[in-house]
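Once you scroll down, you'll see the structures, which are given as structure tokens.
Two complexes follow with chain A in common, the first pairing it with chain B and the second with chain C.
Showing the complex of A and B:
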């Protein structure tokens, strides 16, 4: 009896201790991760917006934001190829996002609503492509584009980027359409709407969240890409910002301040997405994220 | 009358349905054939010829033998495995820890979640800029910190040291990809019925027991998927390592994707060797994919 009572009390105490230990662990983990994630971002911002003389004063690195300037950005735009690189990035990102999203929505809807032989094969092909290595795809694409004389073209890079982003987009839209009840479409058909009209006026509006998620993932693949652009573009004036700025580290005339300013520019679209569109993005993670 | 109209309706619908079907699958098929089928077939074809872009000569498996027996292959394979395994496991641990924390609905949990999206979306180049700076031997904060606390006597050039280049690349990768595991696990955690924990508490289960018997079984599938998919991606990762170290110093961080790139574009291009290596990586991936399809049957549709 006594033993049993002690055991119960012991358990009670240990549960309280456990609770405390857990609280401390939780807060500590959160803190550590927050520091680990935010320090590099802070360093980037601090260096980009400080005059380089302030940052590197007296042999020590000063990251305390003593003074604020846009000079690093001005230098980036006047002395380097950055404007051209950014323009190239915008062109290929926009076109491949559009292409990948349109393709994904159409294929996703088709795969969900139509039964046909070889559907399992199609699904596996999509998933296989989704796991594929960009560099392994880049080598033959390079040779093919080379022999067609299409290297250094927006078209080639757009196609290559869509190649890596569309498989996940198709997968995402396919999963998404499965959650859209077919009853919605059926009731439109009963009221006499044609299939095409139903598609435009019922299906697409309902599928908007999935479509936006697909667009975000395609966008970030294209905007972040280095591999495909490195292989497909060989002329400097065709480089997107990721390839163009990667050369900064080797150039003596471009210091850390301008490099980090370029990094800030490249981070703006992802930052906007994280801030304003995160819910759509999280939806994408429910069916697996992207490379 | 009504029978006729339904028949007409059906016929009309049938034609329209066919058109729609075409509109959906022609782009899909065209895309897969043009961007995936043709290049992969082309690469596999090229891999059977010596000097395929010049004086091509049929060599059957000659390129494969050359690549497999080259000194670099063993190193690159080993580096790929080390890199893929450690970056995957570390980001899984980080993601799991943080997902458990955020799932407890602590203050600032939402801010933390927003923060975690950011590294994942940042271009790889930006991540490499940050870490090259932080780990720089002259200006880097990490070196300054370690020197101040007497951990090291001399500044370390992480990315250009044969010992530290790989760990440094792994840290940068975990920083970028930890959130992948985090978001998937968080979604899974939030789907667990909270009543289960309540019942376990009532029955006197400790936190650890509840974690072991409720949380882990619910996460098992997600964890396996993360290890598999993230592992494959890290095994095939090119940009982060190329940007950080170009595969160096010496061959300390040369993984298989770096080796493919070097064969194809460095010095005298060897597209036969590069495509043969690509073919080997293709077969490796296919083997893993077969296991994946067999174990998870991911193509099965949700029935709702």
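Showing the complex of A and C:
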């Protein structure tokens, strides 16, 4: 008497049928996910690229394109602080990505290559820090930046964002460097290359997928951040696009169309990165065990 | 220029979580310049640690290491003019084969044209010309190891260190690369030190073998000496396959000379070595190759357990009447089947005698001399 799952593969249902069922299931799941992801994106695009009169004609939200316009974007750039917000976002995101990645690479290398007192503690503390919600850190950071007179500066926001993304980045690079064989470095040393030269010419190129994954992660944390910017920046001209765009909803002169146009602008950089660097992202996170 | 490598009282201790572990225990020896020396021993005997200290990747806890007259104990690995081939092969995955081989030269500042010429020559010797522009991931395991050897070759090192470079390869590739490594040794002016756990590799390739036992030197000698004149039971059992048979015996008074008496044999022994050992238990070692169904002065009955065929020879695994495990290697034992009883003999001249601590008391030649000196036998 065979229990469930005890039969040889293909005994009750042929291998061929099993294979077909599997394929159909995969396709259906993919389709479902695609629908859930693409409908909101479609709505955003439809509203952003239609004149607002068309969108709301007849008291309905009209989501089928019958006219196409960049007016919403023009309005954003001429009537609102969007250019300034975008600029702020770029500055802060770029510096935080750079800082967090450099920190993660250095820390990851150190954690895997050197023995020092309290190493395990340090590593655990890093992972523990990642468990905090950003809002937990917000008030203490505000107090710190306030006493240092650093509120309303790019530098302060850069540090705050790095504080959020670096723990995970460090953990990721720590895992990644464990997969880079030390024999590679040793072989370079024996061939005469200094530790620094080995780091640049051997270790970093080999660790590139992990580094890029870390950079992408810090980028997305910084680019999508709302909380920290809200806490650190109090002057409107220092707001990044996330905080800036949220203000639109409070204003009568700016409606859904412009807000969705701003959303499109916000989505473009992450979209471009996902498009061009997805291979690196997958490789990097794979090693971290986060497929 | 090949350099002799001298180790004086080299010791390496590791301290982990309060416990200290001695990996290499006061090792002293001199590896002759230009020689091919293998370091062999079971896992964890300190052979890789010894090699890594010679490379400069580990610093000895105490003791000194000299290359020729130069004290390199505290010299960085970068400045030792050594080359090393790793067990994990350690090719740079982001560089082509050519760049991999030339990397050491590039670091040394050799101009590109000269680098290319050196790489081409190495590739020619190692038959990897076709692979030069490929990436390491595209190569088979054997080709990757050839590339690693090539990298060492182009550097013209004083000392070439190989850390179990073939342990991940299959038997056929091993045999091929063994020849390759020996050819490189002939072409290079370097002292070669080769770490392996495979005593066959050690015995066939090198002109000196260093056998380690738990971090201590067990024997450092040419391969034939380890085989024929082991200094201890450990050496006799580690070197040679199948392992040396060890038969328990005691020294007794027999006539006018001491006699080594086992379950089934009596071997007259020289008085000068055995007179004060009367009553001691000793171990007689005899290699399976020196046991044969006919001939021999001393005989042992073996109950056959398993018979293996090795080409023209057969290996009989069995036990003697007192339960001692015995192996016999001979061409004429192929007919034996399980539970058969086989009588095999050996000459006293092929035996070793070990004391109860496993140290060699004497080799067979001394036993033979003793017999001819005592006409009563």
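Heads up, the rule we're going with is that the second predicted complex is superposed on the first by the 251 of 291 C-alpha atoms of A that agree within 3 Å, B and C clash if a C-alpha of one lies under 4 Å from a C-alpha of the other, contacts with A are read in each partner's own complex, and residues count from 1 in each chain.
Here is the rule we use: a contact is a pair of C-beta atoms (placed from the backbone, for glycine too) under 8 Å apart; a residue touches a chain by one contact, two chains touch by 3 or more.
All values derive from a computational prediction rather than experimental measurement.
Trainee: Is A:47 in contact with chain B, with chain C, with both, or with neither (first, second, both, neither)?
Mentor: A:47 contacts chain B only, not chain C.
Trainee: Regarding the shared-chain residue A:246, is it in contact with chain B (first), chain C (second), both, or neither?
Mentor: first
Trainee: Of the two partners chain B and chain C, which one touches more residues belonging to chain A?
Mentor: Residues of chain A touched, chain B against chain C: more for B.
Trainee: Once the shared chain is lined up, is A:183 touching chain B (first), chain C (second), both, or neither of them?
Mentor: After superposition on chain A, A:183 lies in contact with chain C alone.
Trainee: Under the stated touch criterion, which partner chain does A:256 make contact with: chain B (first), chain C (second), both, or neither?
Mentor: Touch status of A:256: first partner only.
Trainee: Of the two partner chains, chain B (first) and chain C (second), which one does A:17 touch, if any: first, second, both, or neither?
Mentor: It touches nothing on chain B or chain C.
Trainee: Thinking of the overlay built on chain A, is A:194 touched by chain B (first), by chain C (second), by both, or by neither?
Mentor: A:194 contacts both chain B and chain C.
Trainee: Touch check for A:236: first (chain B), second (chain C), both, or neither?
Mentor: Touch status of A:236: no partner.
Trainee: Between chain B (first) and chain C (second), which does A:36 come into contact with in this model arrangement: first, second, both, or neither?
Mentor: first
Trainee: Identify the overlap between the chain B-contacting and the chain C-contacting residues of chain A.
Mentor: Comparing the two interfaces on chain A, one with chain B and one with chain C, the shared residues are 181, 189, 194.
Trainee: Please give the residue numbers of chain A that touch chain C in the complex, ascending.
Mentor: 181, 183-184, 186-194, 197, 202, 205-206, 208
Trainee: Quick check on the complex: what are the chain B residues that touch chain A?
Mentor: 12-13, 16-17, 19-21, 23-25, 27-28, 31-32, 34-36, 38-40, 42-43, 46, 52-53, 94, 97-98, 100-102, 104, 106, 108-109, 112-127, 129-134, 139-141, 144, 175, 180, 183-184, 187, 204, 206-208, 225, 229, 232-233, 236, 238-239, 242-243, 257, 260-261, 264-265, 271, 274-275, 278, 281-282, 285-286, 288-289, 292-293, 298-299, 301-302, 304
Trainee: Quick one: which bits of chain A touch chain B in the complex? Just the residue numbers, please.
Mentor: Touching chain B: residues 11, 14-15, 18-19, 22, 26-27, 29-30, 33-34, 36-41, 43-44, 47, 56, 60-61, 63, 102-103, 106-107, 109-110, 112, 114, 120, 122-125, 127-129, 131-137, 139-144, 146, 159-160, 162-163, 166, 170, 175, 178-179, 181, 189, 194-196, 199, 220, 223-224, 226-227, 230-231, 242, 245-246, 249, 256, 259-260, 262-263, 266-267, 270-271, 273-275, 278, 281-282, 285-286, 288-289, 291 of chain A.
Trainee: Which residues of chain C touch chain A in their complex?
Mentor: 55-57, 76-80, 82-84, 86-88, 90, 92-94, 103-104, 107-108, 151, 155
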